[in-house]
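Next come two complexes built around chain A: one with chain B, the other with chain C.
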Partner chain A sequence: MKTKAILQNYLFILPAVLIFFIFYIYPFYKVFTLSLCQWDGISQFNLSKNFIGLGNFIELLQDRVWWGAMLHAGYITLIALTFQNALALLLAIACDRDIKGGNIYRVIFYLPPVLSEVVVGLVWKWIYDGNYGLLNHWLASMGFSNLVTDWLSNPNTALTAVAIIHCWKGFGWGFIIFLAGLQTIPRQLYETARVDGASGWQVFKCVTIPLMVPVFILVFILTVLGTMQVFVLILSMTNGGPGYHTEVPVTRILASMVDSSRFGYACGQGIMFGAVLLAISFVQIKLSKYMKQA
Partner chain B sequence: MLSLFTVFLSIFLVGCGESDKVGHGAKTITIWHWMSDREDAFKELARRYETEKGVRVEFELYAPSDSYTQKIRAAAQTNTLPDIYGILGKKRDFAGFVNSGHVYDLTEEMDRDGAVWKNRFFARAISVNEFEKGNSFNVKPGIYGVPIDVTNIQMLYNKDLLKAIGANPPETWNELMEISAKLKAKGIQGLVSGWGEIWMIDCFASNYAFNIMGKDKVLDTIRGKTPYTDPDWIKVFELFRDMRDSGLLASGIVTMVNKTAEQLFANNRACFAFNGSWCVNVYKGMNPDLNYRVMPPPKISDKYPMTIWGGAGSSFMVNKQSDNIQEAVNFLKWVTETDQQAYLSKETYGLPSNRYSLKDIPIMLSQFAGAMDDTTHPNIWAVAELPAVVEAFDKGIQSIIIGEKTPEELGREVQAIKEREMTKK
Partner chain C sequence: MKESAKYKLEELLKNGMMHIFLIIVSIGCLFPLLWMAGSSLKTQQTIFSDMSIFPKNPVWGNFYTAWTRGGFGTYFLNSLFYTVTAVFGIAIISSLAAFAFSRLKFPGKDMLFYMFLGAMMIPLPGSFVPLYVLMTRLHLINTRLGYILCMINVGLSFSIYLLKTFFDKMPSELEDAARIDGCSRLGIWWNVALPLAKPAIAVIVIFSSLNVWNEYILSTLIFSSKGLMPLQRGLMIFQGTHITEYPLLMAGMTITTVPMILVYLLMQRHIIKGITAGAIVG
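Moving on, here comes the complex of A and B:
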């Protein structure tokens, strides 16, 4: 009777285990296996024939373009962590107050994240255009002709230009999460602080920030993971150019897989990239525990 | 409970089992393709074929081309390729499909009855689908694909803008530079092209490499016998520096996609474009009144001919594992006959692969067609450059255009990558 009950229990979880195995464990196993092989993605895969051990990873460690792409993603992430999240927090604080038409602002601020990244990329590419772009037109008409440039083809501005659009596109997520966090803070705490004579800055520093720490950590982690994997905007705006100036890890993985038919190397890049993201997440979790304790 | 689970498991396993193989039904041929602009014309041809021959042809469109590429790769792994399909990619990918037993060797069919089928095509269109003896891909020599249309890439000039500066179409590089100065003085944009899609840079550079040093030296470079630091290669790189310095290149050309370049040229915003024969259809849609003509890239040397990129635009392959090989071959013979090719050309404004179907095509298309015998393509060369070298070459030219590298620096960098990659082989 007991055995039957145990069997029945296992039977109940079997579909979930199967789905988990088929869609998570098996693909990961395949990617890892491929990362140890040299394979073009067309010929029949034969592990013993295609196996090259850690060859892909050794090559990857010496691949300057790959690590350059990683740095570019890091740069965009840095801008997103600061500029994007500061903007999101400021707007969330503004909308947290009882202002007229608050819901309209919420909708407007949340619009960019729901737009297609390709559409956003193409529209901003048009705005940034060196010849007929709106940005240069506005700059010239405001008397800043010296600032007019080819924003996406100039190696000094291309990456920052893309990063700014990434922030514009992504700040709505942070805004919504920050706003939700702000609304969970009991109003009585603010009122008590005011009665005690605290200034606006003191209230923000001693009430809002400590209670928002878990939200900051969540937004921090989501921003890092989301931004490091940026690529649709890049593809639609610069395709990684000019030269290698806007290459990011995912565009390199695509280049290995599609342009060079190096599936094994691309899988190695995927594994390496996953490991870097895992390490960052691990540090963030440790940091968040420390901050919560502090 | 157990019965319910058994039903669920049965459905699941049946779902995971091998489905009916695509295109294995009697008297039905299945064709996979990515050409959304030709879908209606293909369907009309399929209808006509069924009426004439009693064989049903099903065209299945999978677009965009990236998705299509992934689909046929996945289908190759699971042996579910249709009777006829196209392969997108480099010759290396094509060779991969042939070597894995997914492509039927059409050499015998092409050579039958005095090579009547083969002779109807432009020679270069066949070359793209052919593997020669001693090819570096270890493919058994033969013809493995049927060209459906052809294409080549040349320069286009806007007649009105050239007239505005009182110039004629340039025939030499120096003339092009002189025109560039006049255009700059008039504030007219010079050359537009999709050089953000780096393969078009490769195409432009290889045209001039053939003109400056000839085919043998270019292929010797790929074989590793001539370095990229050779003065002739430096001369090729210098052309991009000269174009930049003369102001010929449109602003933002290094990140420009071809669609943007086409829009600029179609709207009279650039005097020259570097584009493929497909552009005739594109410009017709964007601006039917555009006053332009086609010309070969202005040559810089008289030592070797100016050879342009071209060949088969799109080709179809017969699945070697299909049950309908003969029916598939018969259909491809029929669809490449003069009448069907003329119909396709008329409907899609493309260049037919059948050299006898050129009647009644627009003047711009006939100018493109006239250059078919002067074409070449990496896919017809016996050797292929290593992907990392190609990328460094193309991206490096972008760096010259943005003033980041000198031609000499690029030569050294590409050569270093070439040597590194060759040691891996």
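Moving on, here comes the complex of A and C:
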């Protein structure tokens, strides 16, 4: 009876565990074997024949395009961390006071994150368009004709143009988290500080910021992990171009797989990318522990 | 007296500045969407010269053309089908599992639960290749079933976590009463736990719907037949093959976006709850 009951209990998690093992764990395990092989994905796979050892990783270490892509993702992440999060925090502080229409603003700011990356990418591609885009039309009509350029085809502007749209799509998310954090701070703390004669800026510096540290850390970590993995926006706006100027790690993985049919190399890239993300998370967790103590 | 008047003026000025700032950002959020909707009403001839947001003579026929000739009708129905089935699957499978993780006893429970949690840390793009190979081997490539199973898998971890924390906080008296009345465990899940978990299920349903509707890359890896593709994939194919037909592309994008905006506006409270919960897991 007891064993029967336990077996019945397993039935509850069986569908979840089955799907999880087939579509998550198995591919995750397989990626390590495949990364040591050279395989085009079509021919019969034979481990002893396709095995090439660490060849993929050695090539990857010298792959300039790959590390360039990593730098591009880092650049977008840097812009998201500063520009996007600063905007999100400012808006959250503004909406945290009991202002009229606060809820309407909240609904509007969270609209871009709800949209699909494909739609966002294609709308902005049309606005950025060099010949018929709205941005150039406005610049020209306001007398800034010297600034007019083909934003997404110009190697100097393409990456920043994409990064700005990434922030446009993402700031509403940070705003919601910051606002949720701000609203957990008891109002009495502000009042007490005010009564004690603290100025607005002092209250912000000595009450708000210290209490918000855990939220800052959370947003910081999630922004970095999320932005490093950006790619659908890039596929829809520039597809990595011009040249390799807007390539990011995930678009490189897809290119190895779909364009050049180098399945083993793509797996190597996947592992290298996972390792970089893991290292970043590790540093961030160490850093946040240190900050919480301070 | 003077002091308080000065204070009031200062407050008014501060509030005014704040609203100006908030309104500017709001316009920045909404404008691209208006531009998209407006462009979908222009003709192929005027779209490159007419820079007004809404054209004087809107061409509503673009939507009909996009729906039929552009293929967005098929894509739309596919997206709808995938969203409904995958979300239904996620809700049922994750609530069964979360119920077991929260209420039932079996060996290896904690380990399995932490595995689901840990999976949220693994970046999916890393294992695209083996996933693709696996789907081919299982003859699930270019099938609706294959795509739906993948989408269920993507949504499971977060849903199980959210529901388990919800079940953990729920008092167990009602379940105990049901058990004494001779209700089976499956009966308790269906008759007691699920109805009580409605708020959490709502968060999962809305959140997963947005995820499945907006998903792009798995549909690219799995589908090669146009007849099976969802909207996001359809949009990319359309813009690749009809590079200059902007009015139709914008109409297709409006068709893609409007249902999600409606869902969002109706359910925004639940969505915001989901974001906050999701961030705490991550």
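Brief remarks on what is shown
The rule is simple: the second predicted complex is superposed on the first by the 269 of 294 C-alpha atoms of A that agree within 3 Å, B and C clash if a C-alpha of one lies under 4 Å from a C-alpha of the other, contacts with A are read in each partner's own complex, and residues count from 1 in each chain.
Methods note: a contact is a pair of C-beta atoms (placed from the backbone, for glycine too) under 8 Å apart; a residue touches a chain by one contact, two chains touch by 3 or more.
As the structure is a prediction and not an experimental result, all values here were calculated from the model.
After alignment on the shared chain A, the placement of chain B and chain C results in a clash. Of the two partner chains, chain C is the only one that A:176 touches; chain B does not reach it.
Shared-chain residue A:242: touches chain B; no touch with chain C.
After overlaying the two complexes on the shared chain, residue contacts for A:259 are found with chain B alone; chain C is out of touch.
In the superposition on chain A, contact of A:43 is made with chain B only, not with chain C. Judged by the touch definition given at the top, the superposed model places A:8 against both chain B and chain C.
Taking chain A as the reference chain, the count of touched residues is higher for C when chain B and chain C are set side by side.
In the superposition on chain A, A:154 contacts chain B only, with no contact to chain C. In the superposition on chain A, A:250 makes contact with chain C only, while chain B stays out of contact range.
Once chain A of one complex is fitted onto chain A of the other, the partner contacts of A:108 are limited to chain C, with no touch recorded for chain B.
When the two structures are aligned on the shared chain, A:20 is found in touch with chain C, with no touch to chain B.
According to the touch criterion, the shared surface of chain A, contacted by chain B in one complex and chain C in the other, consists of residues 8, 15, 41, 131-132.
Those residues of chain B lying in contact with chain A across their complex are 1-2, 5, 8, 66, 69, 73, 76-77, 89-90, 92-93, 96-97, 99-100, 189, 196-198, 250-255, 257, 264, 269, 387-388, 391, 395-396, 398-399, 401-402, 404.
Interface residues of chain A, counted against chain B in their complex, comprise 8, 11, 14-15, 40-45, 129-132, 150, 152-155, 158, 237-239, 241-244, 255, 258-262. The residues of chain C lying in touch with chain A in their complex are 15, 18-19, 21-22, 25-26, 28-30, 32-33, 35-36, 39, 47-48, 51, 93-94, 96-97, 99-101, 104-107, 112, 115-116, 119, 121-123, 125-134, 149-150, 152-153, 156-157, 160, 185, 189, 210, 213-214, 216-217, 232, 235-236, 239, 246, 249-250, 253, 256-257, 260-261, 264-265, 268, 271-272, 275-276, 279-280, 282. Contact residues of chain A toward chain C in the complex are 6, 8-10, 12-13, 15-17, 19-20, 22-28, 30-31, 34, 41, 87, 90-91, 94-95, 97, 99-101, 105-112, 114-120, 122-124, 126-127, 131-132, 134, 137, 168, 172-173, 176-177, 180, 218-219, 221-222, 225, 229, 231-232, 235-236, 249-250, 253-254, 257, 263, 266-267, 270-271, 273-274, 277, 281.
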